[in-house]
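Right, I'll just put the structure down here and ask away after.
So that you can tell them apart, the chains are marked A, B, C and D in the order they are listed, and the count of residues begins at 1 in each.
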Amino acid sequence: MAPLTGAEVAKHNRPDDCWVIVHGKAYDVTEFLPEHPGGAKIILKYAGKDATEEFDPIHPPDTLEKYLPKSKHMGPVDMSTVTKETVEVSAEEKERQKRIQEMPLLEQCYNLHDFEAVAKRVMKKTAWGYYSSAADDEITLRENHTAFQRIWFRPRILINVEKVDFSTTMLGTPVSIPFYVTATALGKLGHPEGEVVLTKAAHKHNVIQMIPTLASCSFDEIMDAAGPGQVQWFQLYVNKDREITKRIVQHAEARGCKGLFITVDAPQLGRREKDMRMKFTEEGSNVQKGQATDTSQGAARAISSFIDPSLSWADIPWFQSITKMPIVLKGVQRVEDVLKAIEYGVHGVVLSNHGGRQLDFSRSAIEVLAETMPILRERGLENKIEIYIDGGVRRATDILKALCLGARGVGIGRPFLYAMSSYGLAGVDRAMQLLKDEMEMNMRLIGANSIADLNPSMVDIRGLFSHSSPPVDNLFNSAYDPLVNPSQRTINVEKAKL
Amino acid sequence: MAPLTGAEVAKHNRPDDCWVIVHGKAYDVTEFLPEHPGGAKIILKYAGKDATEEFDPIHPPDTLEKYLPKSKHMGPVDMSTVTKETVEVSAEEKERQKRIQEMPLLEQCYNLHDFEAVAKRVMKKTAWGYYSSAADDEITLRENHTAFQRIWFRPRILINVEKVDFSTTMLGTPVSIPFYVTATALGKLGHPEGEVVLTKAAHKHNVIQMIPTLASCSFDEIMDAAGPGQVQWFQLYVNKDREITKRIVQHAEARGCKGLFITVDAPQLGRREKDMRMKFTEEGSNVQKGQATDTSQGAARAISSFIDPSLSWADIPWFQSITKMPIVLKGVQRVEDVLKAIEYGVHGVVLSNHGGRQLDFSRSAIEVLAETMPILRERGLENKIEIYIDGGVRRATDILKALCLGARGVGIGRPFLYAMSSYGLAGVDRAMQLLKDEMEMNMRLIGANSIADLNPSMVDIRGLFSHSSPPVDNLFNSAYDPLVNPSQRTINVEKAKL
Amino acid sequence: MAPLTGAEVAKHNRPDDCWVIVHGKAYDVTEFLPEHPGGAKIILKYAGKDATEEFDPIHPPDTLEKYLPKSKHMGPVDMSTVTKETVEVSAEEKERQKRIQEMPLLEQCYNLHDFEAVAKRVMKKTAWGYYSSAADDEITLRENHTAFQRIWFRPRILINVEKVDFSTTMLGTPVSIPFYVTATALGKLGHPEGEVVLTKAAHKHNVIQMIPTLASCSFDEIMDAAGPGQVQWFQLYVNKDREITKRIVQHAEARGCKGLFITVDAPQLGRREKDMRMKFTEEGSNVQKGQATDTSQGAARAISSFIDPSLSWADIPWFQSITKMPIVLKGVQRVEDVLKAIEYGVHGVVLSNHGGRQLDFSRSAIEVLAETMPILRERGLENKIEIYIDGGVRRATDILKALCLGARGVGIGRPFLYAMSSYGLAGVDRAMQLLKDEMEMNMRLIGANSIADLNPSMVDIRGLFSHSSPPVDNLFNSAYDPLVNPSQRTINVEKAKL
Amino acid sequence: MAPLTGAEVAKHNRPDDCWVIVHGKAYDVTEFLPEHPGGAKIILKYAGKDATEEFDPIHPPDTLEKYLPKSKHMGPVDMSTVTKETVEVSAEEKERQKRIQEMPLLEQCYNLHDFEAVAKRVMKKTAWGYYSSAADDEITLRENHTAFQRIWFRPRILINVEKVDFSTTMLGTPVSIPFYVTATALGKLGHPEGEVVLTKAAHKHNVIQMIPTLASCSFDEIMDAAGPGQVQWFQLYVNKDREITKRIVQHAEARGCKGLFITVDAPQLGRREKDMRMKFTEEGSNVQKGQATDTSQGAARAISSFIDPSLSWADIPWFQSITKMPIVLKGVQRVEDVLKAIEYGVHGVVLSNHGGRQLDFSRSAIEVLAETMPILRERGLENKIEIYIDGGVRRATDILKALCLGARGVGIGRPFLYAMSSYGLAGVDRAMQLLKDEMEMNMRLIGANSIADLNPSMVDIRGLFSHSSPPVDNLFNSAYDPLVNPSQRTINVEKAKL
């Protein structure tokens, strides 16, 4: 069959007859429109046209193959016949391009905060919105970091720290430093190569990468990118269809994943207003059409409609029956559920609030850790389970605080995304190296030769549980109209002189 | 009798002979001038003229019929003969009209804060001043919200939350979500239709509206606007004349109100400086006339002179004798008075500080709730009374916190006024829908299937009672002259070179 | 003897031969120069000239008569022969005159903060510097106010508050409201009439005025300004020469003062950098002359060199022997010294840190009060002494908090100075009236009919003793150089394109 | 041998043949390049040229004599033949020169903060970067000061304080006031004469100077600058080569040093990003060359490579065997190590976190002091050791707080560097005099006649251990993208009107 021409495809540009081109092939998505998790609107924008650029960061490459019936695959398109849209570069985009040109040199980034500051300047607004946003007023997002700032060190002195060794093991795997790259969705929003950039950096630095269910790359692409002997974990959003879940889990195990991290804090994916606000365009807005509420709620909601809100403790034994991978519950948020996890015999928990993206005012993982460990020790359970935390880690001192309090390791997500989005692989590499440099220094300064030396006496957590100065509520504050003293009067000077 | 002409009315334009036109009829208000709760000044501004526009938002339509003797009703006016004042649109008003034109689309409001931010831009300064102002330094106003921010969640995980149900009952009435529209005065300041807008939204969302004594619409108008089966409560300011009070209460009951909320925190209506400052005009200012203190103190004082400061516990049995409606005390502010309310056998209390509009530095309702419930539980009294709170609620998480701590429901006032003032009924509708969306999400994320699942173990209130960082005192801060390091000197460069 | 001519006086214009004219009389101050508490420099500026304008606010009118030997009184001057200095009005002064012209109307001041904000705009820089400054980093100055903000109310409801009476007695004198005008120095810096303005306002409002030792008016002028029956107290800085002290005290008693307030927190008058900085002029600066440290340290040091740093508990019986006036120690700062004061049998103490002008980081009086009263009650001493506090009072709620905690009354100083400096007597009158209006309102809202009803259960002081967020250290903060993320690079765009 | 000519030296301007001129002599540093602690890059910038100006502040004058083999000393250079580099004055430098010209007069500096504010304006960026920077987010740097602000006074009154005496002894030496000049590196960055400026000021004020290992002046120069009877201490970074250490220590003792302060908080010198960032230049940046991480990390790392990270408690007896000087451990950070120091029989400890330059989130010395003394008193050990603190001291009140809590004295470092850098010796002199003036005043105001009178009852430390409001994390905050309310829309007004 001869390839389709652009003109032929362009005829199918209506809600009741809608084709799109992706990677040089045409697809009939008319019937799929109402089911599209991201809403019909975004597809209709490309009706009869090439949607590849918009499609790519949000969907793994095998998406259409997997989910669209073969009958809707309309065949290859002669791309030379497709009218290239001459997109006018917006003033906003021009500004961004200028900012990219003037980006600081990589070596001017001295810490993980710096990558975030650069990413804020150079990322596309919508991508930045998806990565950086969090639930409601983003109080928990910031509390995740500021909670660390309420923990202070009690360093030991006069310890021979010529040699310090901060390697450890996680679920049995030796790693060079006690952090892992935690799962984050939609890597291609930040970098055209997506999650495999993180894979390569993790390999270089001998740390574990957790592969996200909602990656832009396909699972196999990420596995394939691993270096020899590199260990990866798999993060799982449990599908409403358990057969699909089973297939996915067993495929991960077969491919060599060494840990199954089941997300338990996201029966429904969070509502992130910064994401929604940045994605909002008046174009096609439904105000004139009298519709009630806009249903397009940012990337997060679009990609998560398959997640099963009925997942419960009762499902755990089933998971234990379908895989031999160690099982870790990701998103535990109070000590009662850590105890329950031990009862259920899972290998670990990640104390986490999903980077502040789910329930606002969920406490920081580091606070939950400090609540948990004394109770576990009291009951002799501290070695029955591996406890990880994630959220807000920016400095090696943060890692040290977590380890002093009893964590086995910490997950780091956004900072590596920001480094990747700004500087690609070199950025992630430097971010990891900076953490290692800080770690070596701070192990010496706290007086510890190895991870085993870290203990609760090295931290002062008296201020940790205080919540007297929570992160600022920006929306509340900007809506408030502050009182003012009486203003000066306008005097007509000429008149006043009379 | 032939209608009066504008010219005839215009003759009565002096303090000792003052007529005004309202809705096409002339009234002789000369004798009433000194008694006008809003002061004589504001009436004299319209002496001999049409005062309808100024009159409307402050007075229910039946006011003149009810309170001005028939002899002072001078009869209809031929409005075609009344000189239309060509009010010059002020620069300030032009700016406001521009802001209205550029208002964000309704769908760009993602939370209740947003409506407030928009209302601040588009409302008339005096209306904004009346709605948004609070007592003294507005510390309690802001504490009402920030107290919620000192409460954190301890969510449960791995609960099957496919179905979540957050309906409940209030004083026996089933409602779809545990909030009600609390009573707020002078609805027409924000929207020409006034409180009936809230009535319609409440009906659509199946929540209860509490009808204010000081509504711009008449009580009956608001009742008449209710949909089939819609439940309304009545908020009562007790009149010095108890016969009037009795008539009002019994009329409310007869019309079908299902709850009587007696305001107990306002023996005198608060002094709100933002309101006073925004209302101030130099015109007619009494400085030149040597008068001492200006007595016009904003809308609040003007409308409330009838309120009885002698109301006391001793009156409660009388109320119980004149109505079968459940009686709820609105404005309780410490546990001792909750216990007393139980003794007196009332059905409920609203822990409230009147939106911060009465006594500044009264504590937030949520803090009083957290003080109250443990004592009630200790004495086995927690089911003897329904406890509501109001003040500062902006998010479904705020509602959840209150319910975890033992409240039956929360009242929300200003946010709906702001939504109404900005976008009318559609705005209130969206505000309520947003709360429902948040509620569904957050019930799932906290791990609760129903209201009954919510309990104190789901919140961490260790920081709640801390008052180490109270809301900022803006007036004090702006009056303070901060210390500065020594400034550079001005050098005469030419001279310095010599 | 014929009056001196300006020309004759003008000859004596050197350090070793220095005359000045004050109120039309010439004085030879050559020998006095080194002893002048304010330094020789300021006198030399007027050597041979008329110094009246500079002299007046700092010295009571009888100063020269009292302290300069008759032999140095050179006799009257024919002022018509004295060259009028044509002082060029500085740009700064022109700006100030403009601000005075545009001052808000008095009725636009709604609270005590407002007067301070206006005074900051319209007062002369040096006068503002003297009144507003405090010790070191002015932490205590601000803590005095912010400590009140850590106290919250627990108001009672359903109390018949139709009538509220907030009159009380102080040292036996009935007053209309529980505040008094506390002693503040140099009233003529703010208003040409000086302290008598406060006398008149105090009389009108039936409150007590405490007369300062360091008044601009003479003691007798202030006594003479009192209305019939008006009660005044006397504040005493104890002179190194006890005979002088005795004469002063007995004169005060003879003139009818009803209380002797001995200042005990000022063995040396504080160093106030804002005052020093505002007073600094390069003119005559000693840098070129190689002198070490500038000894002119603002008005405070200049006027206080007579104060006796050896004053001690051992002196108290002597005071009790020379006067029958009730004796009150002003400036007590910890409970131990309150107990000692009771032992010594004085009638009262003022818990005070001298408006933050003496020892920075002295605690607020309201905190010391809250520390003191429980211990007094424990020992049954709470009625053995009257306890006053001063510092930071701006609202009637502040007064109520102090009274709930056990104070008999509060002193208010600066706010009345600011009102006087901005609006004269009318300003002080309005300031007092505003406090009365607030008091009446807030007595009702807290549920108290009289001062006797106020008690500790009406306040929540759990946050009071917290010092986790002290007032901002402005000098430290402005000296600190905050970390920044890497800045963008400057790209030569032309070059970059190549 | 005839002196070398500039032309001859200039030939050796390559990495493989590199000479530099310092103080008129040529040196062959080719082989030394890879070993240079500050990196080869900075030397190569001066290959074949005169490097004196860059060399001086970083290296004591005897450095080349001591460390470069004689064979590399190429002999004197005829400086008249050396081409003077005409360095173009940068715009930044011109701005700085202007700021220097407009500097406030010395007498306008009223406190230690002021010197810092002036120094920030007038110092070279790199020098400022080295002095002012601290570890990571500079949280501890600021906590050092703000911790003092959580301590309040409980002053005594009515004490005869005519005479106050704040002299004391430190390690047996009488001093006029309980502070000493602590060791700080690289004095010539701030002033061409370097540390001897501090020596002279210390002599004038009769306080002890601690001589730093990393001084710009040589040790002997600093000793030689001492006045008759002046006491100096020696701060020691322990060298990996213990023979060198022994030689240094015994030389110090022989020259008369009265105390050996062994730094124990710096097994590796801290990473200070402000220093790194200010030192960064794109010139020669390795980005184009594909190198990984920049190894030039500011002055701190450059000068400290000799420090021995293996130093441990086991070395203490050896130190005790090689010197009779009292030994003090500088940098103790928790009570456990104070107890250990007592066991080991050292004479003192300095509670210190190295001015916040080492481990960020190490607690302030004043907090560690408050933790330590009660435990020492409980065990009867409070007189077994002298306890000093340093970090954050800016006011005499800070000194008083430390002494009330049990410190023997406090070290002050940066403030004197800033005074020296801004105003030279006169600046340091004034800084010390200001502290003495404050001390005299505040001894009086706290009611203490002598150091012995100071005790824990004079301070209120209830807030000290709170860490609920840590210093602001500027990098985190500036990277965060705050939520905003919906923005106004841009309306095409013409269109809107249609």
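A few points about this structure:
Assume contacts are C-beta pairs under 8 Å (C-beta built on N, C-alpha and C of every residue); 3 or more make two chains touch, one makes a residue touch a chain.
This is a predicted model, so every value here is computed, not measured.
Ranking all chains by how far their C-alpha centres lie from the centre of chain A, first place goes to C. Two copies of one chain, chain C and chain D, form a contact in which under half of the residue numbers belong to both partners. Note on A-D: across the candidates A-C, C-D or B-D, the interface recurring with over half of the contact pairs conserved by residue number is C-D. Per-chain CA centroids place chain A at a distance of 58 Å from chain C.
Mean C-alpha position of chain A lies 41 Å from that of chain B. Among the residues of chain D, those in touch with two or more other chains are 105, 108, 110, 113-114, 117, 137, 273, 277, 282, 466, 468-469, 475, 478-479, 485-486, 489. By the touch criterion stated above, chain A contacts chain C in their complex at residues 99, 101-105, 108-110, 113-114, 117-118, 121, 466, 468-469, 485-491, 493, 496. Residues 105-108, 110-111, 113-114, 116-117, 120, 128, 132, 137-138, 142, 145-146, 149-162, 273-274, 277, 282, 394-395, 397, 401, 429-430, 433, 437-438, 440-442, 444-446, 457, 460, 462-464, 466-469, 472, 474-475, 478-479 of chain B are the ones that touch chain A when the two sit in their complex. Interface residues of chain B facing chain C in the complex, by the touch rule stated above, are 136-137, 139, 264-265, 267-268, 270-271, 273, 276-277, 280, 282, 285-287, 292-294, 308-316, 329, 331-334, 336-337, 358-363, 465-470, 473, 475-476, 478-486, 489.
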